[in-house]
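Below you'll find a set of structures to go through.
Common to both upcoming complexes is chain A, partnered first by chain B, then by chain C.
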Partner chain A sequence: MAEQKKLIVSHAPFWHDGSSIHERSYHIMGAALLPALAGFVLYGMPAVGVMSLSISFAIFWEFAFTAVTKRPLTIADGNAALIGMLFGMLLPAATPWWAVVTGTFIAVIIGKQIFGGIGSNAFNPAVLAVAILMVAWKERFNFDAAYVNYSFGFAAQYPLGVLKHFGVPATRIFHLGDLFFGRQTGGLGTGCGAALVAAGAYLIYRGFIRWEISLSFLAGIFLTAQIFNLADPVRFGGPFFHLLTGYTLFAAFFLLTEDSSSPVNLIPMLIYGFCGGVLTILIRNIGAHIDGSLYAVLAMNMVNPLLDKIRPKAIGKVL
Partner chain B sequence: MTKRSIFHPAGHRLVYASANRYGDPVKIPLPATLTLYAECASGDIRALAAKPGDALTAGQLLLAPDENVPALVAPAAGKLLAVEDFAGDFGRSCTAFRMAADAEGPQDDTFARRAEKPSLEVLKRFLSGIPGAPPLDLFGDAARGRIDTLVVCGVDSDLLVVTNQYVMANRAADIKRGVEILRQATGVDQIVGVVLRDRIQGFGHLGMELRAVEPRHPAAMPAKIMHDVFGRTVPAGSECRDVGAAFFKAEAVAAIGRAFDSGRPPASKLMTLIDKRGRGCLVEAVLGTPLKVIFEALDIEIHDRDRIIIGGPMTGSAVYSEDFPVQTDTDAVMVQDGADVPLYSSYPCINCGECVRICPARIPVNMLVRFLEAAQYETAAAEYDLYACMECGLCSYVCTARIPIFQYIRLAKHELEHMQSLEAAHG
Partner chain C sequence: MGSPRALRFICSLAIVLFIVGVLSYSAFSRKAPDPPLRMMFKVAVGDVLFDHHAHMSVPGYGLDCKDCHHHPAEDDTDTRACSECHPAKTGKTPPQACGDCHDADEIEDQEMLKTGDAFHGQCISCHQDFGAGPVECSGCHVK
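The block that comes next holds the complex of A and B.
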């Protein structure tokens, strides 16, 4: 027995498909880099600055929290960095540093850690943080004011603001093609539809996000916007305008699909996405806010646990 | 650890292997000592047929089966060295018989004398402990309900394992004879063979109907076969026998046929051996052969921190010693290099939903695991379908947070069983 070899014993299965949390985070960040780069090109160094500060402070807050609470260090899983990145992409490129620092604190500490950390957050941390900042410092999220010192080679008004305040005829200055290729103002990483769709397609193909949520959200936007547009084509914008402006595409591929705050069963995912789209358009068209997608995401996050109770009966269930 | 290819995002490795690529079995010579395990506490054994020091004949009954004690037959002639207690998985009491083996020793002829006319009693007494471990105790017990279907499994319920697939394809005569004997002894009319769908062509007449299962894990697990092939759903918490089916491995049926033809219970076990690079081959060794002997014969080196697995990669169980013997149900032995052992993490569920989408029983695994982590086993069973689990291992395989979900499920079932037996004992 003296020469007994020390073997590893553990429970089955003995294979793993190789997926991991850090793989997931880094792939989503890699995909998000594409629309972020489009933002960097458009807004220049200030955008790079906001983004860098946002990612590094998100990591810092996570590090600080785990250090203070004496929990295992989790920054290597990339989730904090991902939250910081998505948060940064939602901000105007001209956001002051203190708003970024506060926002990442809200996202990582209040949005994620005090709920119990990764997997336990009821709301998407980045969305929660931006929503709180929007209430706290409303003027900082006025995109027309934020970019007053810029001179772009295109119509620089915030498209959804124009629609809200001046109606559909005023939006004729925007061409759908321009909007799709990022020639519009807004969050620093949320403007380029082409990049967002490419990133979303990659994430869906690799299975890092669930297509049911993204596509049903877009369907919800499209149908509701179409109905409003048919009812009053002067007041309410068309479906393609809504799809390509504001945070719509970013919400579809990066915000609604956050794992912990979204459902996993088929029918709940479809309802969750679709209702998110409907709510977005309702808030935009008849609500007080210019862009409703963030509030729609938060509202759907809130009903997610209830929705996910709609599930198939287990095979062999005795009842 | 397996790596996903970018072009095959979901589980392309979850397809059962084909026995064609494994070649013919390598025969392992009879080792000097054999170890036999019986799943019963030594206290339950009323009478030992032999004492340590006694000479044994090949085929001699070491344990006569009763309600607490399984049948145990000496696989070779030799001498009984020791009878010891030891604790098996989940703390089950087992008894180990160590014997010295002698290839030239005499053959016991009790079975040969009784084998003229196949009867359930003869089968149960002499052939419960043959390779393939036939579940003969399911028959002739009125309290357990009637078995109306006997399934001969020509498929193996784990990846890379091809043992029964090989037997079904290559030992047609033995299987045909075994089916006849079983039909006669058990009185069950419906005997059905199951084979992989892509291999169903080319089987000769085996004396039974053949049906096909899909080649993708977990289609070859008994509960899944019942559901997909026979259209009978095994209720949560029940077993296939509760819906009237008995599952016999093809190897067991072939061994029964061979036993009656040759007059001696077969003692040679066919196994799939999977090496550190995931390549498989077939080996044949006498029951009770220590795994170490097989590894030496095949030049497989075992180092510290490697893993030896009895069974396949999804549902097998790791053992702690190279001295572990070949048993009647050891269909596969897998060796894994220390560097390839995937590690579990202490992360909580991140709710990515991979497990929910892959679960063949449609269990809400994401919810279930939250209750299991908090040791809320009763809620897990009552509300989140713990007992619907057919233990295929896929949830842990795909878990992004690397939670040992399958282990939690087995633990929960074990704890609940333990609680129920305590309640029964103390009122």
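The block that comes next holds the complex of A and C.
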């Protein structure tokens, strides 16, 4: 045992591999731009207003907090802008400005800074903020009410709402191809499956998010929805419907994969993602809420520290 | 802390997006069209999403305005909102809208149908007559 080397560390000088928080933030924002553009095409300038205000206020709140608490200025790392962007994409395009301002305050200050800043937050800040807003102003997240003044070229009803209230037969007005290409209402940047998959594939390819979390989440959604659908095909929607509606794909590629609130080891990542998918369908099918994705993300964020204790990987290697 | 260049970039981004956001909210916020596209009726037993456009457009049900907005019968252009004549609660005095055209002594029936009763009568009877659209409570009201 004595001659075994636990850690292999070379002597200085060290070579930085070039990765940085700054780089990660802007790459994820760049990828998120694609589904955000799909939202702009569908909802027009109101979507731009929500997104722009959300990003600018997220930066402002972080700047204000670091200035007031006399901490190092961290806005340049782009993380606050990323939180603002993801938060904005979850909102309906008709969200009033004061809800955006309040939500970004919750996301940046309560969701991130009071935990100690980047890397210390227990929950995904954007998800926490939307969940709190959903409790505070439930009506603002009624997508059917939010878009009464919008004219679309397709059925302008929130697909998961139709499924929840009227059952599977009523969802025949939606076609899976249409849902995949964003012909559905919902969060302004969360409706276009094609754009979200493309963005997710890019992030996985570049190593900014872990495929284990995303794919296990989608597998959890698929299997659980399939079981429910087989048990009662009139009441419970099929797996593909659940995959393409609500916040599912956005949660898989942008929310569950947030660095600080997700596991770092392989088995915990698989459990984390899969259980998130199972929880999402449980909440949707037998819970009170129409879309359980956000609450599932928060629940899995909560158990994340426990999951990471499962078979932790030793640092270094034995020669 | 970040490099001065990164800091300048993020500050510029915040300022530009703030201006874009304010302009978008002030100049491009979506106004309710006339006639309305869809209407969300807030009801204690469950909200109702009514697709006004689908009922009046030709690719939809192609109803005439006067099929639902039935009073005054002689004026095709006067399509009052249902709730103007049918109040949420009935009282001993007629709704304010009656006084727009009638003198008080002209009004014989002091009690109007409540909004809910008027809607139920109108919607359900039409759906039954044409054999289309829901007639059960849960077909329209969602919690």
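We take it that the second predicted complex is superposed on the first by the 299 of 319 C-alpha atoms of A that agree within 3 Å, B and C clash if a C-alpha of one lies under 4 Å from a C-alpha of the other, contacts with A are read in each partner's own complex, and residues count from 1 in each chain.
Note that contacts are C-beta pairs under 8 Å (C-beta built on N, C-alpha and C of every residue); 3 or more make two chains touch, one makes a residue touch a chain.
Everything numeric here is computed off the predicted structure, so don't read it as measured data.
Of the two partner chains, chain C is the only one that A:Q157 touches; chain B does not reach it. Judged by the touch definition given at the top, the superposed model places A:D291 against neither chain B nor chain C.
By the document's definition of touching, both partners, chain B and chain C, reach A:P72.
With both structures placed on the common chain, the touch criterion links A:R210 to chain B but leaves chain C unconnected.
Once the two complexes are overlaid on the shared chain, A:I118 sits against chain B while remaining clear of chain C.
When the two complexes are overlaid on their common chain A, residue A:V148 makes contact with chain C while staying clear of chain B. Across the two superposed structures, the residue set of chain A contacted by chain B and also by chain C is 72, 77. Residues 4-21, 23-24, 72, 77, 116-120, 205-207, 210, 259-260, 262-265, 311-318 of chain A are the ones touching chain B in the complex. Chain B makes touch with chain A in their complex at residues 1-4, 6, 9-11, 13, 159, 223, 227, 233-238, 302-309, 311, 313-322, 334, 336, 338, 341-342, 344, 346-354, 356-357, 360-364, 366, 385, 387-388, 393-394, 396-402, 404, 406-407, 410.
Those residues of chain A that touch chain C in the complex are listed here as 22, 44-46, 48-57, 59-60, 63, 72-78, 81, 94, 97, 142, 144-145, 147-151, 156-157, 161, 165-166.
Remark: chain C residues 1-3, 6-7, 9-11, 13-15, 17-18, 20-25, 27-33, 36-40, 47, 49, 51, 53, 138-139, 142-143 touch chain A in the complex.
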